[in-house]
Amino acid sequence: MPILTLLIALPILGSLLLLALPNRDGSKDQTMRLGALVISLVTFVASLALWAGFDPSAAAPAFQFVERHSWIPTFGIEYYLGLDGISLMLVMLTTFLTPIALLSSWEGIHTRVKEFSIFMLLLEAAMIGVFLSLDLFLFYVFWDVVLIPMYFLIGIWGYDQRLYASIKFLLYTMAGSVLMLVAIIGTAWLHQQATGQYSFDLLKLYELRVPDHLQYWFFLAFALAFAIKVPLFPFHTWLPDAHVQAPTPGSVILAGVMLKMGAYGLLRFAFPMFPEAALAFAPWLATLAVIAIVYGALVAMVQPDMKKLVAYSSVSHMGFVVLGIAAMNVQGLQGASYQMLAHGVSTGGLFAVVGMLSDRRHTRLISDFGGLKAVMPRLTAVFLILTLASVGLPGMNGFIGEFLILLGAFRWEPRFVVVAGLGVILSAVYMLWMFQRVYTGPVTHTENRHLNDLSVREWAVVGPLCALCILMGVAPNLFLAPMEPAVTRIVQRMESREPMRVEAGWRSWFTGAPAPVAARVSAVEGQ
Amino acid sequence: MTFDLLLFYLFAAITVGGSLLVVAQRNPIYSVVSIVAAFCGLSGLYVLLEAPFVAVVQIIIYAGAILVLFLFTVMLLNATREDGAEWDRSHPYYRPGPTRVGGVLAVVLLGQLAWAISRMTGLSAGVGEAAPAASSVRLLGRVLFTDYMFAFEVTSILIIAGMVGAVVLAGKKGN
Amino acid sequence: MVPISYYLILSGLLFAIGTAGVFLRRNVITLLLSVEVMLNAVNLSFVAFGRQFGTVDGQIITFFVMTVAAAEAAVGLAIVIALFRHRESLSPEAFTNLKW
Amino acid sequence: MLALIPLFPLLGFLVNASVGRRLSKAVSGGVACVAMLAAFAVSVTQVMGLAAMPDTTREISYTVFTWIKSGDFVLDLTFRLDPLSALMILVITGIGSLIHIYSTAYMHDETDGEFARFFSYLNLFVFFMLLLVLGSNFLVMFVGWEGVGLCSYLLIGFYYVKKSAGDAAKKAFIVNRVGDYLFVLGALLAFVTFGSFDFQLIAAKATAMPPEVAFGTLSLITLLLFGGATGKSAQIPLYTWLPDAMEGPTPVSALIHAATMVTAGVYMIGRNAVLFEHAPITLGVIAAVGAATALFAGTIGLVQNDIKRVLAYSTVSQLGYMFLAMGVGAFGAGVFHLYTHAFFKACLFLGSGAVIHALHGEQDIRHMGGLKKSLPITYWTFLVASLAIAGVPLLAGFFSKDEILFETFDHGHQLLWVLGVVTSLLTATYMFRLVFLTFHGERRMAPAVAGHELDPHVSPAHGHGGGHLHDAPPAMALALVVLAIGSVSAGWLGWPHALMGGHNNLGEWLKPSFSATSTALAECNVPVALPGAPAGMTLAECAPGDAVPAVASSAQTTAEIALPASAQATESHAEPAGVGHAGAAAEDKTSLERLLMGVSSLIAVFGIGLAAFLWLKNPQIPASMAASFPGLHRLLLNKYYVDEIYDAAIVHPIQAASTQGLWKVADARIIDGAVNLTGYLVAGVSAVLRLFQTGSVRSYAASTFMGVVLILGYYLWR
Amino acid sequence: MFNSAFDAVVPMVCVSLAGLFALLAEAFRAKGERMPIGGLAVIGLVGAGVASVLLWDRNASSFGVVTADNFALFVNLVLVVVGLFTVLFSSQTLERDGLPVGEYYALMLFAIVGMMLMAQATDLLLIFLALETMSIAVYVLTGLRRDQPNAIEAAFKYFLLGAFASSFFLYGIAFIYGVTGTTHLEQAGAAIAAQSMSSNPMLLLAVGLLVVGFAFKIAAVPFHMWSPDAYEGAPAVVTGFMSTGVKAAALAAFARVFLSALAPLVADWTPVLWAIAAATMVVGTVVGVSQTSLKRMLAYSSIAHGGYLLVAIIAANDVGKASMLFYLAAYAVTNLGAFGVIALLGTREHANDDLRDYAGLAHSHPALALLMTVLLLSLGGFPPTAGFIAKWYTFSAAVSAGYYGLAIIGMLSSVVSVYFYLRIVVMMYMSDRDARPVPPPISGLAMAGLVVSVLAVLYLGVLPAQMIAWAEQSISTIF
């Protein structure tokens, strides 16, 4: 049975179901919430089955559970799904975080619960689709579809600045991705030039040797789209706004999954499709990454708003991910993939907890809190665990990813590690500083004296996250092993290539892109 | 200076003069009258081009029918002089800009047309030298109702549309 | 014999005058008249060309153009009347309600 | 079996952390102590098992599971017990148990929840500490390394309501992080250089290399690692967190900030002895830093008035001693001092804790005095420990400190030796200043001062009356006594040869840990050679002057370790030059050592006397001195203003730059400004362009006409 | 009836007969009597549609000047769809605004005849006549609500500029005639192929002037200025009709003339069109940003869409032609739906087409808001809607012809356009207005129309393969 399609279809069908239910007066809100939750849980179970059925051995086919049906035959566009270890893990992350996000919205979202649940489910479906598609066209479709529900989530249920934040998020991301679309079309057309028929099939395009002057621009287009999504310095400024303005579940998904789409795109598309250009640009990417690490940390350190602080910390952490990808060796890539998961869990959790606080106090300013440890010890403990996870304490999930990235990067180019390491120090600075200001010391505000501690529902939200934080730190191989074959494949693909000469690309800017007859399929070239 | 060249210049002068007057007059009535003159000159030119039927039609239909329609309208609206002073001066969007720009552009256009036409080879041949005249009404009729049959039919739709439109727009209120 | 190019240049001249009229005059009716001048200028070219080729096509086309001109005139004048009903003016500058 | 040692504390932690708040103090405290004692018992059995082995292959190692596997990088969570770590686990679990027991009484005033929280942290700390010392590779060690940092963070900040506690905790963690950063870099560099994180393999590979005369990879690695050590072990420049760490409960100070955690750096260097041996430059740095720290901290300790702070600075200074030892290549001596120091310093802290406990939180020695009568147990144990640390002959401190000084001198670092001697004088002085001010003289404590408001852990259910004092309750007394005994006898393990021909059993025992094991050597097929060999080689190779101390150091180390046991073995294997040197050293060593012993004993006694003279006999002198040198006094009192300098030089600039520079300007104005600018630009252009739509039909026609002319113009004039 | 000499004209005949009957019906209609004249229109349109379907692949041709190749038939079918949607949305608005029903339908149908003829004619003169037929009908439709000054003003501007532009167009035809001695496309093409353009300045004039004529009809910059005013002044339904039908017809003729007769000169007219297309896309979207009237906003958006369609022509390859057809279809359903919503939300007194009038529509009329959102997303080119596929198709045409520049300009401008489409969504969903006027009740017919259009949009977005295949068949037979 087509389990991948099922994964995508379940939330969509669920949302249609909810759409059918009438809820004009909001009397059915609880039903809506429950319905959405149940649907997302079912999806999660389905994805667990996926994991169970996945064959992590290196001998196994690169992509499993493959489904392909012709979609737009004239352009060789297919409905082509399949997953390898990396996408498996990211899908798991998605299906795992969505129910949690829904739960975290339980009290925060009062208005238009129906629409909210529908958008959340659509969002889940689209994100799963992004991680599963092996056809560039299909991928782009999902990539763009993701924007819409998130736009509504921020725009309708966000805080006061929501309109600005939502439109900024949408336009910024889109501006990047349309250029990528041009590049996608161009690549497909080169394939047509080389072999006589269009193809958006990723695996076919891997074999395509794109001429340098085009590869240069195509890679930049892809990289830009993904760098904005990651977000990589200096394309990060949409993130704080979006995060701060988004409702808690929105932030959880945004930080937890959506940022990963960018990094995933880098290692699945941008690098393997344009290896020469990628290798040529890797140092630049890495430079931006380390800047992002330190810069994000420093800016996070001085934020007065908890959500903003965590948002900038995401910039810093995702910088690590990009650094790992740029290193392009097994440790680097695997660390990057792992860091994605780790960051998704811990930062998602942090946003959830911050959301709980702002649900109680309707403020996110650090200065409005203080001494909460005395009032809500359990929440404090949970927050501490998540904090330690995100500062990369050994034995927590954050450490594994960061360490592997540093190791991989060190093997590639130690200088980057020397700078990136500072991020490790600074992360401790800003996280612990926030922790101290919010939780320790005497209770400074009388309003905070009688906040109630975690409710059962909130335990259900943060419990799994904390558990996972520790599990991922203690037994990382559980998650590393499935990813390894995929990662090695990518690395092998890159190893055989030589970095291109960058000037070629620059010149093509002035001379205009000549007719790219140089495009050829390496397989063909072999014979 | 042959005779027909003289005639050409005569009719050309009438035509150009008439149309210049059309443009130059402030009073619509004078404009209409002068365009009639211009069309008469035009029909003269048609005669020189050995297209007598067109010349006749030009006088009867154009000058006779269409321009009378204009005249009626002018009378009906009783807008004898170019009015709208109260509009023009006080109007915030009254600018000499379009006028000047348009005038200049018209001159430029003229230059372009003249230049292009003058650079055309093979047009220096005089009327009647290149090919024998084909101007008999019979011939016209036959061609019109064979080759241009469908176009002719289409004009019927065109006319109906025009009529209906005119009625709808200009008819009495509240139909 | 008068060269065809004379006629063509003459028609060009007429056409230019017509276009100029659209800008120089600030009376809707004169604007319509200017358009008529332009159409007739084109007619002249058609006839001249037709004469050049020694076929009747050019002349026949002029008939169609006249028809079109007639229809346009009818509708145009109807619109002018309707305009005049709204504002007691025929100045195009009077009708700038729709803008930006 | 080996895994059980850390397992017990972990279980204790889990129990207390999960259900602790529902348990009574007796139960949760009991759980913690039992866990510790169990761990201790297992450790003892394990160490005995180890001792039973032949000293060439003395190691037990046990792999729990493969922790991280990524491509060619495979990392096992492996524990390895060798003589060095054996010593460490005994100290940790042993002294740890005592401190746990002590704490059950000390923390008794806390509520059940807090009580359980305290013990869960304590157990967790022990767990991580054991991980640190048992780990067979850098990464496992790093887990412990950061873990103990975390626990120290949690425990320093235990009284979380006090802001100062929170600050101190944060400071400790962050300063440690700085060290950890260097540590990780060093470890990564080591991995890239040697292709492994495993200590043994690295040692084996390093053995094959010649010592680095000029600065090179090894020097860099070791320097980075030493940077990590300075963080963890509070050496210059990263020592500032330790005095502040005294905000934590006193048992914590005893366990973490005296006995175990802070010595991790020393342990780490000892663990990588081979690596450091091959980086003489680094050794030089370490020695210098150690000596400097020792002296520096000692001077500060001289004038501090907070009983715990005095001890804290003395700890820093003692750690300086250890690093001095490591720096001169006397790894055995360093570890020896680590071990003895654990006893008497723990004893001192616990003693001070008893005092504080008795005085309901009073920590200022100016408000103490004359407690001798009322707190006899505390007094005597404290006195013994003080004598030990002061280096009075035949007590623990004497042997270890003396060995260090001797080695220093003997390795040609006369200057450092002088520093060391001065330090020991200072040590004796300020320790006894403490003793005298606290226990002797008349009571300077106003009843009001004894009031509860000074109590850091105020609790209604706290059953002491205001004025009358009573000595340590049994649990505390037990710990004090045991540790006092330790302070006396611990040193005898390392009874030097020089002093009536003892056998430096400890040095003997530790020796294998400071060289690559034959198995490891075989594994990375390095020709098996005794540790003497490389030293000899270098002697043969490098004559140049600047490397001489280094050469000497390594040669001497080997010789010193070799001598008592198997000199002939060394002679037979080592090259003539080495033998000659070793042999020559053997002659005058004993006499020299005796001489130095005498000196340092005298120094100690003199220091004590000085203290007695100043603070016991005529206490007005110090006051007048302080008055006559106000600048100096203030300087010392304010710890040379180092914290202030750090704040002004590092913390504030960074904060200001991030706020005003990065966030408000770079991010909001420039980067985000550019983004928004694009938006405004489009809107602006739009607003301008729409103005062309004037509504005048003639202007529209003009635009059309313009288009026509342009197109025709393009065609005609192109 | 088929296989006669008149096959090719059957669709047009159907529609014009319907138009005539509509007139008659109106003539015989007693005052105040309600007569389902829309039904006549539907019958005629459906007849035309059926005829077009039956003529598919038969490449019929009549009178030597009318062809019924698949290209024309595809456009015919698009026009039929346009007509049907217009009828669906008209029925309610006509009654509401008290418009002359018979004349309205008659003119609409005559306009459609003109449009069809533009697509089918292979003779420049005929194209001119068709264009005039269409234009005159549409001028009148624009000014149909003559009680409103804006409507008349719009009609006036549209008419005057239209006449102005079509005389340029005619002049262009004259020069073609002068150069080639014929107005028939094939023969003209043959004659042109013989000579190069630069050698013949009159050909230059011809091409330039023809470009002007067509560019005016599809409202390309700088010939676009009439369209915002005309669109704003006209009744919303008519605006939808204009923005889709007129564009479709004009582009069909444009493509036929420039890609067949003038194909030899492709190198010469490409640069001009390149500039026009770029300017059109940019201006259309950028100026749209600062609009507050929905009709005007969508007017600018449709200018921009004209630019995208031009890109397809510039590509001048099979992908381009096919993508143009697909784009026309997609754009027709989308835009008609959108203008349908606007039309249905208006009242006789107020057009209710200001942005603020849509505040909180999601509350007062969730279904309508949802439909509108989908349509707007399609206009903005979001997957999975028709608009996305259309844009992607067009730009892949551009890329495959090496016009990366155009593709990038188009993509970025579409991002800008998203901004103002979403402003409407923001109004509907994210801003509540306290005193919200209850939107007028919407007839089942109109609602059905909206639903159908949205479904079509989604269908074309999710399963475009069939439509693309048809588009490709359509261009396979000609050029």
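The letters A, B, C, D and E name the chains in turn, as written, and every chain counts its residues from 1.
Basically, a residue touches a chain if its C-beta (ideal position, glycine included) is under 8 Å from a C-beta of that chain, and two chains touch if they have at least 3 such contacts.
Here the structure is a predicted model, which means the values were calculated and not measured.
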| item | value |
| --- | --- |
| Intersection of contact partners for chain A and chain B | D, E |
| Neighbouring chains common to chain B and chain E, by label | C, D |
| Which of C-D and A-E has more C-beta pairs touching across its chains | A-E |
| Of all other chains, the one whose Cα centre sits farthest from chain A | B |
| Relative to chain E, chain with the most remote C-alpha centre | D |
| Most centrally placed chain, judged by C-alpha centres | A |
| Distance from chain D to chain B - Cα centre to Cα centre, in angstrom | 104 |
| Centre-to-centre distance between chain E and chain D (centres being mean Cα positions), rounded to whole Å | 80 |
| Whole-Å gap between the CA centroids of chain C and chain E | 26 |
| Chain centre separation in whole Å, for chain D relative to chain A (CA means) | 40 |
| Where chain E touches two or more other chains at once, by residue number | 125, 129, 132, 136, 139-140, 143, 146, 152, 155-157, 160, 164, 201, 204-205, 228-229, 291, 419 |
| Where chain D touches two or more other chains at once, by residue number | 690, 693-699, 701-702, 705-706, 708, 712, 716 |
| Residue list for chain B, restricted to those that touch at least two other chains | 93-94, 98-99, 101-102, 105-106, 109, 112-113, 115-117, 120, 147-148, 151, 155, 158, 161-162, 165, 167-169 |
| Chain-to-chain touches, reported pairwise for every pair that qualifies | A-D, A-E, B-C, B-D, B-E, C-D, C-E, D-E |
| Of chain C, residues touching chain D in the complex | 19, 22-23, 26, 92-93, 95-100 |
| In the complex with chain D, residue positions of chain B that touch it | 93-95, 97-99, 101-102, 105-106, 108-109, 112, 115-116 |
| Sites on chain B touched by chain E in the complex | 112-113, 115-117, 119-120, 147-151, 154-155, 157-158, 160-162, 164-165, 167-169, 173, 175 |
| Complex contact set, residues of chain E against chain B | 9, 16, 19-20, 23, 62-66, 100, 103, 106-107, 110-111, 113-114, 117, 123, 125-126, 129-130, 132-133, 136-137, 139-140, 143-144, 146-147, 152, 155, 200-202, 204-205 |
| Chain B contact footprint on chain D (complex, rising order) | 694-696, 698-699, 701-702, 705-706, 708-709, 712-713, 716 |
